[in-house]
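Here it is, the structure in full.
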Amino acid sequence: MRILARLLYLGVINLGRNRWAQFFTLSTVAFTAFMAGIFLLLLYNVQQAARSTQEDIQFQVYWDPAYPMEEIREQWKEISSWDIGSMETFTPEEALEDLAGSIAGDLDADSLAGDNPLPATALIEFSLQGQDTQDRALLMRSRLMELPGVQRVSYNPLQVDLARTWVRVSSGIFWPLIGLMLVITGLVVANTLKLNQMQRREEVEILALVGASSSYIQFPLLVSGALQGLVGGVLSLGLLRLLHLALEDVLYFPPLWLKIEFLPLSYILAIPGVLTLVGLLSSFLAVNNRLR
Amino acid sequence: MIQVKHLSHSFGRYWALKNISFSLDKGDFLFLTGPSGAGKTTLMRVLHGSLAVQRGVASIAGFDLKNLPEKRLYLLRREVAIVFQDFKILPDQSVWDNVALPLQVRGMVSSQVHKRVRAVLRSLRLDSKSRYLCREISGGEQQRVAVARAVVINPKVLLADEPTGNLDRKLSLQLMEVFRQFHVHGTTVVLATHNEELIRSLPGAKILCLKDGSAVECSWGPEGEGA
Amino acid sequence: MRILARLLYLGVINLGRNRWAQFFTLSTVAFTAFMAGIFLLLLYNVQQAARSTQEDIQFQVYWDPAYPMEEIREQWKEISSWDIGSMETFTPEEALEDLAGSIAGDLDADSLAGDNPLPATALIEFSLQGQDTQDRALLMRSRLMELPGVQRVSYNPLQVDLARTWVRVSSGIFWPLIGLMLVITGLVVANTLKLNQMQRREEVEILALVGASSSYIQFPLLVSGALQGLVGGVLSLGLLRLLHLALEDVLYFPPLWLKIEFLPLSYILAIPGVLTLVGLLSSFLAVNNRLR
Amino acid sequence: MIQVKHLSHSFGRYWALKNISFSLDKGDFLFLTGPSGAGKTTLMRVLHGSLAVQRGVASIAGFDLKNLPEKRLYLLRREVAIVFQDFKILPDQSVWDNVALPLQVRGMVSSQVHKRVRAVLRSLRLDSKSRYLCREISGGEQQRVAVARAVVINPKVLLADEPTGNLDRKLSLQLMEVFRQFHVHGTTVVLATHNEELIRSLPGAKILCLKDGSAVECSWGPEGEGA
């Protein structure tokens, strides 16, 4: 027990020796983990976005250009009270402006305004979560069709297809890439820790010469390796959170309204956890090689 | 306490030890001498388990060196202490920490450690330097730290490789007195040295002269050889 | 001159000393650069995709459900001979199937088939590159409208908006992220090289003691630092290319037809170039500190 | 060649050298002696430019140590060679490479390097070990490598800190003969040693005895002191 406490203590104060090497090691670990973290954050958010797209279906509703706009506005109010996700509306003028803007910034929209060929439209998002999704989708469709003045209700086959595609692909890319990241991070961290521990070769050798058992030698090295992994992981999470705070709102404006989400708790715990394990493991290997 | 029979050791094609045999009982004192490169350090390292026994047989403090598994080597090193020719102390740790190391490694309580280290440092005139880092002290002081680290564990066998090379005559004789005390109290001592005065100061000791790895007649010695 | 050659030679054979430390350093450098490279590859491709989307405009054409399908097919043939980018067509049955599939896999499409409310549609992509894009877009629109049986021609405001958004955002994200990557990679590589060179402290000290001038000491260290950066960079490019070969076609199927492109030459040259510079710089700093 | 006046040096609060003065001409030979921790190594390091001059004045081979900028230190070290008490040789390089190092550093052509290194290694009985790595050779051999590396440049001033600590009597006297040859050919030699026999072997030499950092009467010496 006293020995165990002493070994733990040694593992911690080892970190205080050769501060510069320690500092370089720790920052390498933290930065590598940070880089992997950015990657994870990115993939996670794309995955989230794809999943939410997949679960939504969009109806695009077109009104008869001849139908009075006031009535259409009434209908818009009514529709927004339905059980839908969201609605975006375009008057013919807005649509024209949008078209003009999308083709070229300086197209003279006024020249077309008198003879606007565009109808009023609405983009309705509708969540497909829950049990009776099929019925609800069909019901929604017929309800929209029955509104007076509605000419057509279209849906988004391409977008739905894209989302389905992403899900199909992501299992082929998402997890392999995460795995690759993990492997690389592990290798970098392990290498760095080994480089660091090479500086302690002399100490390890002398400990063995004065009669230290291999567990006495290894345990503090394992403890410092694990600590370095842990501290590096926590530091990288801090950096990641800072980056996230800076980027969180960068996509949060119309028409995206995309908040970049931070990693979920399980990932947050996994990062320092994995690094701690890597630290342990690489120390273990480094020391084991040394003793032979 | 030490048995060595037909021991040979080679580095690559170079034979550093050739067919060495001798044996020591508890409390014996052996001087190991011979010109530079004769194989003294090599023999010490074999006895301490740092070099494997390649040919012949060797045992020390009850451990058969030929068949000692690596895992149990540390047990041998708790009985057999060594003073290295190149000290092998930790330069970035204090004198005190270096000397306390073998005791801490054994899990000794710190009050005991304190008492032992203090006594040993005093006997080697190192008390005033105990807080210095080892790279900050003089060559002779470092050599005494190496001796202190070896004797602090009260070993059954004490191997000392040229422990007076950096010491002046007075300190050398004082150190010799420390070794003699251990010898008198039953520690088996093997001391490698070039210093003939040291050898003459202990007439009762055995002497083993090496030359190019072989045991030879001691050319100058008035005393007999180790058998 | 002889001294210079000798110093270069020393810089190279230095790499052969302490092979393990060298190996760990090199693989850390290579893997870190690899990770940054993956990132670069990803951002570059997203950027490319966004740029190409931005340059395209999509028209969605809806035919009157009552209009005979044979005529529509004739029109499809005609349209595809126009100067357009691409066209995707959906018969009412295909559209229904698609809808059914997107809502739920096992929806009974047959029950709706008799009374299919969906029209025939076509999705036409049209490139906006070149000079007279505005006129061509308007011309295309009116040509489509004039086809008999065509009920509506819609365009893709949301998608165009997304692309414009991406471009707006990417200058706020793309370059900063690349910059961040660069900084992190630089730090990691510099740290690792420093850790490595710490192992040479003794050698440097002894060189100074026997009368080596500081340039004699520094030059080989700079050379090996630069070489390590260079070799690490080239290795990382190799790894990246392997990854690219593995992933190239993973998105190349309908309806995406997205080939992942490899980095352009300028990036390819920049990776080892930057790493070489980082190697030089970190060696320089490491050595300069040492001598004082 | 060497002037030292009122030189003092402290490590923190500890004064390792106190008010030392002496001067040596070209070709002089000075023995530096005194008990362990007296300050011999500290004085050597000041003369070699590794420790700054804190108080007093010191110059060597025409370099004023007090005002020598760091950038020009290597010029001093091309004239003043040193044998370190702890050797400071590169353990992972061969004996040959270690000895050739100071010549290569000066940009000497390799045929010249070859000739010089070979001659020096032979004079120190190291020819058979020239391809060995320095960590593979015995303590005495390492010490001779350190000496070889110092003398190979034919220095104006040769500082040798305890160069015979790991050598047997015969080798010590041979080494002494090497130093004497340099001395005779005009090299100024400063030799720190505990070995009284060595000191007696060169009756014409000056002697400086240190104790606790101060110059003192040599308690045992038949010869006069250095002034």
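Each chain carries a letter (A, B, C and D) given by its place in the written order, and its residues are counted from 1.
Going forward, a contact is a pair of C-beta atoms (placed from the backbone, for glycine too) under 8 Å apart; a residue touches a chain by one contact, two chains touch by 3 or more.
Please read all numbers here as calculations on a predicted model, not as lab measurements.
Peer 1: So the centre of each chain is just the mean of its C-alpha atoms; given that, what is the distance between subunit B and subunit C in Å?
Peer 2: Measuring from centre to centre gives 65 Å for this pair.
Peer 1: Just give me the whole-number Å value for how far the CA centre of subunit B lies from that of subunit D.
Peer 2: The mean C-alpha positions of subunit B and subunit D differ by 29 Å.
Peer 1: Mark out which residues of subunit C touch at least two other chains, giving numbers and ranges.
Peer 2: In subunit C, no residue touches two or more other chains.
Peer 1: Taking touching chains as linked, do they make an open path (line), a single closed cycle (ring), a hub with spokes (star), an all-linked set (complete), or other?
Peer 2: Ring.
Peer 1: What pairs of chains are touching here?
Peer 2: All touching pairs, sorted by chain label, are A-B, A-C, B-D, C-D.
Peer 1: If you look only at subunit A, which of its residues touch subunit B in the complex?
Peer 2: For this pair, the touching residues of subunit A are 2-3, 6, 17-18, 202-203, 205-214, 216, 291-292.
Peer 1: Over in the complex, which subunit A residues touch subunit C? Could you list them?
Peer 2: Spelled out, the residues of subunit A in touch with subunit C are 20-21, 24-25, 27-28, 31-32, 34-36, 38-39, 42, 57, 60, 62, 90, 95, 98-99, 102-104, 107, 117, 119, 121, 123, 128, 133-134, 137, 141, 145, 151-152, 154-155, 157-158, 160-162, 164-165, 169, 172-173, 177, 180-181, 184-185, 187-188, 191-192, 194-196, 198-199, 243, 247, 250-251, 253, 255-256.
Peer 1: Touching subunit D in the complex: which residues of subunit B?
Peer 2: 11, 33-37, 40-41, 85-86, 136-141, 144, 161-162, 165-171, 194, 196
Peer 1: Quick one: in the complex, what on subunit B touches subunit A?
Peer 2: Subunit B residues touching subunit A: 48, 50, 70-71, 73-75, 77-78, 82, 84, 88-90, 92, 101-102, 104-107, 109, 149, 153.
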